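First chain A sits with chain B, and in the next complex the same chain sits with chain C.
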Partner chain A sequence: MAPVGLADLAQARRRFARWNLGFDRYIGYLLPLLFIVAIVPILDMVYWLGAEALPTMTWATLTTGGPTQPLGLFPAIAGTVWIMVIALALAVTLGLFGGIATAEFLSERSAAWVRMTANTLAGMPAIIIGMMGFVVFVLYFGWGLVLIAGAVTTAFFMTPYVFRAADLAFSSVPRTIREAALGAGARPIDYILRVARPIVTPQILNGIFLALGLGIGETATVIVTVQPSALAPTGPFSYASYLTYVIYAEYTSPLPADVTLAFQAAFLLLMIVIVINIIVRIVAWRYQTRLAGLFV
Partner chain B sequence: MALPDETRGAVRMSAPPPISNDGTVLATRGLGVRARQHAILTDITIDFPPRSLTAIIGPSGCGKTTFVRTLNRMTETSPGLSVSGEVFYLGQNIYARGINPVLVRRRIGMVFQRPTVFPMSVFENVAFGLRLEHEPADVVEEEVQRSLERSGLWEEVKNRLDKPALSLSGGQQQRLCIARALAVRPRVLLLDEATSSLDPASTQRVEATLEELSHEITIILVTHNVAQAARASDRTAYFYQGRLIEVGPTEELFERPKEKLTEEYITGRFG
Partner chain C sequence: MSEPIDPRPATDAETPSSPSPSPPAGRWSGGGGGGSALLHILELLPALVPLAIIVIVLVAMVGTTRGVPFSVLDFLGSSWLVQPPGVAGSSYGVSTFIVGSLVTSLPALLLAMLIALGVAIASVVYLPRIATRFLDPFVDLLAGIPSIVFGLWAFIILRPYFQQSLTPWMAANLGFLPGFAGPVSPTGLGIPITVFILTLMILPISTLLIRDTLRAVPRELWESGLALGATRWEVTRRVSLRYGSRGISSAALLGFSRAIGEAVAVSFLIGGATNFPTNVYSTTNTLSALIIENLDSSFVNPQEFAALAEVGILLTAITLTVNIIARRFVMQLGVHETVV
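Moving on to the complex of A and B:
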């Protein structure tokens, strides 16, 4: 074989450049395609659910319900709101404090352990978390199959997402900024509340909304811990219906009106999730312009 | 235990700084820093007189950055370092039991290699240390203006104090950091290669600012730029492999270095 000379090297470089150019062009074609692959199912879902749900959906669908008005979603909406408010409050508290503690105060070794635990919890099938909730809150604590048992169980499902967002957000603040704050005589709490807060807020809000979007659609953690009810809940210790339960229970009903109710609940959930995602985007945009130049 | 000038509230101590018995503001005695088995600094004994600008020079890895970080106990924010020996601030050992490192850092300001503005307005950046001390609003306003004037930034930012500090240029950001450090009226200002990320024009502005400040406070400037040490400082200390080789008036050190190592470094034979 002839020795590799400069000419060969130049030729190889040219060939690579040509290949690279082609690659760029194909990627250019691929991106719109991927966008279509992502957007089509969403539009399809909106259209398909909307076609089933919207013709009979009125304001009354959202505001009535119960044994005498079986075609209303109000008890399910009220149940979902109850469960989500409690679950979100718990998940945000736990996740936020856990994330800050892990990123700011724990040693590298302990932080690695906490992160591993949180990731394991995030990867745990929701139904297993549901069973844990059933055993601990329903049976051991003796709460019974009430709304708060489902809410606390769902909080365990949501916490890892908030935790991970908070942990990542605080870990990603430039080290130099942290040093400068401490070097100016800030206590860790001053650093967290005054300096890091504007930097981490968008990421953490993102995590909270992600957790909310996932939790609101999660059925497994509530289906085994809450006794369904036709009535809107009156407090944390009452039985409750919720949107995903309506879908689960009514979709297989022989009565067409019940099936339509399931579609309406599904459409409502879909809209809520889409709105949450739009809020996430808006928050991210708003902060992006404000923080431009920080991460250079 | 209280630091010597513990007057509660940084700003109220506007009288000339009381000087410790032997006339130095800051002094180290047998200072050493180790990371596990490896010695980063060994037996540093040096005095910093009031109203002076001391440059610390030396090749990369000689421990000059670690040295200034021990002077306001910033070393403790990076795990794994152990400090021995003493650092006296106005006669008080800041490593003594019961001294709060947070309060030490409020007295001994620090400016870092890269500009480190916080994601808030220009005004709030400078007011940061004053807010930590819960100074009243009128004092804060006065001190912010004074510090920005002293760091040579006031004319450029006076009409946009409420704009995000991140919108300033690199050189302006670094002078903002100096203003932030000055706002709490420290007697000592530490600069860790504070001009190394700036263009020549900005460097010149910062140097002029430092020169002016050195008539009032003690400045310690770490630099890897020998020329900067020669033109900006009135005292120079040369570090090599974690040891203080030589310290003296800048002119003397550059014209008649006592040590062979110093001479080799400043004439560019290594480093």
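Moving on to the complex of A and C:
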């Protein structure tokens, strides 16, 4: 091998340094392009769903529907509202109480374990929770394929998110405030309802909105527990249709009008989710709360 | 003149990477006395709600399989054939579906992690703050879109493209790779489109986790790297990725469990066949799609119902294991525990 002189080494180093800087600069232009992979699908979805759904969507589409007017979404919207109201009430109750108990009353070691269970529950596939709902509520409790079975199942799915939000919110209250309340002689209930409430409300509200968004769009928990009906629900123990069912049932229909109905339901869902997302962001920005713990 | 002390922490919605807040000293119950034992128990009980739900799930599924004979060999067989009750000849082998789940989730995971790493590095290292504030919410929005909307969009809008352009192109030009030649699915459904949608579903969560992991790298490390003359890429590659490797691994594991558990979108796109995948384009089925397709109708057939419960137990076991391993990693790293 030819002896490598100092000049060659220096030249090689200079060449590498130039390449290095160039690589850094160009990868700085290249990597941001990957954002396209994430952004284009959303825009495409909004565009296509809108293009298919909006031309034929009228006020009547949203307010009518039933066996005689199959192209209306009202029964589905009513069913979704019924399910979400019950599910939200249950999930918020369970999640709030659980989260506050974890943040306030448990030792740090136990709290770590409980947080692990909450995260584990959040990671369970929705279809598994749906299967549980089918076995427990539809079969074992004997309710049958009714709306409340789907609502409670969805509530179980939503609970860990509210739980986590409440836990996070109460854990983030600064020590000084907490100890000041303790020192002033506050009971736990006074502390929670009067001292901590203004501080934790934005983050808990965000968690609730997030859970709502997840619950509205969730199909697997309701499709195995609720029998669809062509009419709007009359009570918690009736059969019901819901927006995600409309999509599930009609997407393979040979009739274009039915497929359009599926698109309209999907468009509604997409708009609701986007609006919820925007609200969550605005609340987080306005009240400077953390978003990271909620999304995952 | 001293500044007034503002007790509110200066949290910023964009940088949630500060260390975990220390637990408030003096928990209420540690104060000693005051209140009956019953009240103390009532205070602590709600915290057990998630555990209770998990227990109910497990009991429900195990209870359904009791009384039905179970043979591991049959279960791991490869034919799933359901005869009406009373007719012999049913077999409930799920190995096809295990393969189906893996062959859709693993490529999606790989693609999603690559893209997520790129997007996260771009966001944390290269892009100016203004661009990040504008673009990051888009990626996070992808996380909230219902899976059925993904399924519908892919089925109606993307499928023709896969059917007429992409898969024939792949078969023609990439046929030299093992498994890439061979008959293309005539409907456009099957593994490729499923992998595409699963990638889109894993992407936002992974991006969020990796982004927060990278932001948790201490400034001193980052700046000392730059001070030594390294480029941003060099510091990222050698310092940040190594520092955040546990967080990135846990992001991958969590994405994997999300992909395996996805039932609705996959059931739209995978074709629902019970045959073993023969090449990259074939239609097959996955564990979770199998459950959601057959659960309601299987109620009349106790054997099939129990078999589906067994599939559910398998799926739960996989998801729980992956989740617990993932969170073990994160807790060791000490990233703000609530990020995950």
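As a working rule, the second predicted complex is superposed on the first by the 245 of 296 C-alpha atoms of A that agree within 3 Å, B and C clash if a C-alpha of one lies under 4 Å from a C-alpha of the other, contacts with A are read in each partner's own complex, and residues count from 1 in each chain.
Convention: contacts are C-beta pairs under 8 Å (C-beta built on N, C-alpha and C of every residue); 3 or more make two chains touch, one makes a residue touch a chain.
Computed from a prediction, not measured in an experiment: that's the story for all the values here.
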{"item": "Partner chain(s) touched by A:V195 [first = chain B, second = chain C, both, neither]", "value": "first"}
{"item": "Touched partner set for A:Y161, first chain B, second chain C, both or neither", "value": "neither"}
{"item": "Touched partner set for A:W143, first chain B, second chain C, both or neither", "value": "neither"}
{"item": "Larger contact residue set on chain A - chain B or chain C", "value": "C"}
{"item": "Touched partner set for A:L269, first chain B, second chain C, both or neither", "value": "second"}
{"item": "Chain B versus chain C as contact partner of A:E179, first or second or both or neither", "value": "both"}
{"item": "Partner chain in contact with A:V37 - chain B first, chain C second, else both or neither", "value": "second"}
{"item": "Touched partner set for A:F74, first chain B, second chain C, both or neither", "value": "neither"}
{"item": "Touching partner for A:Y239 - first (chain B), second (chain C), both, neither", "value": "neither"}
{"item": "Partner chain in contact with A:S107 - chain B first, chain C second, else both or neither", "value": "both"}
{"item": "Chain C-contacting residues of chain A that also contact chain B", "value": "107, 174, 176-179, 182, 199, 290-293"}
{"item": "Chain A residues touching chain B - in the complex, by the definition given at the top", "value": "107, 174, 176-187, 190, 194-195, 198-199, 290-294"}
{"item": "Complex contact set, residues of chain A against chain C", "value": "20-21, 23-24, 27-28, 31-32, 34-35, 37-39, 41-42, 44-45, 48-49, 52, 94-95, 97-98, 100-102, 104-108, 110-112, 114-121, 123-132, 134-136, 139-140, 145, 156, 159-160, 163-164, 167-168, 171-179, 182, 188, 199, 210, 213-214, 216-220, 223-224, 244, 247-248, 251, 259, 262-263, 266, 269-270, 273-274, 276-277, 281, 284-285, 288-293, 295-296"}
{"item": "Residues on chain C engaged by chain A in the complex (per definition of touch)", "value": "7-13, 16-17, 21-29, 31, 43-51, 53-54, 56-57, 60-61, 63-64, 115, 118-119, 121-122, 125-127, 131, 135, 137-153, 155-157, 200, 203-205, 207-209, 212, 231-234, 254, 257-258, 260-264, 268, 288, 291-292, 295-296, 299, 308-309, 312, 315-316, 319-320, 323-324, 327, 336-340"}
{"item": "Complex interface listing, chain B residues touching chain A", "value": "72, 74, 77, 79, 102-107, 109-110, 112-114, 116, 118-120, 128-129, 131-132, 164, 166-167, 177, 180-181, 184"}
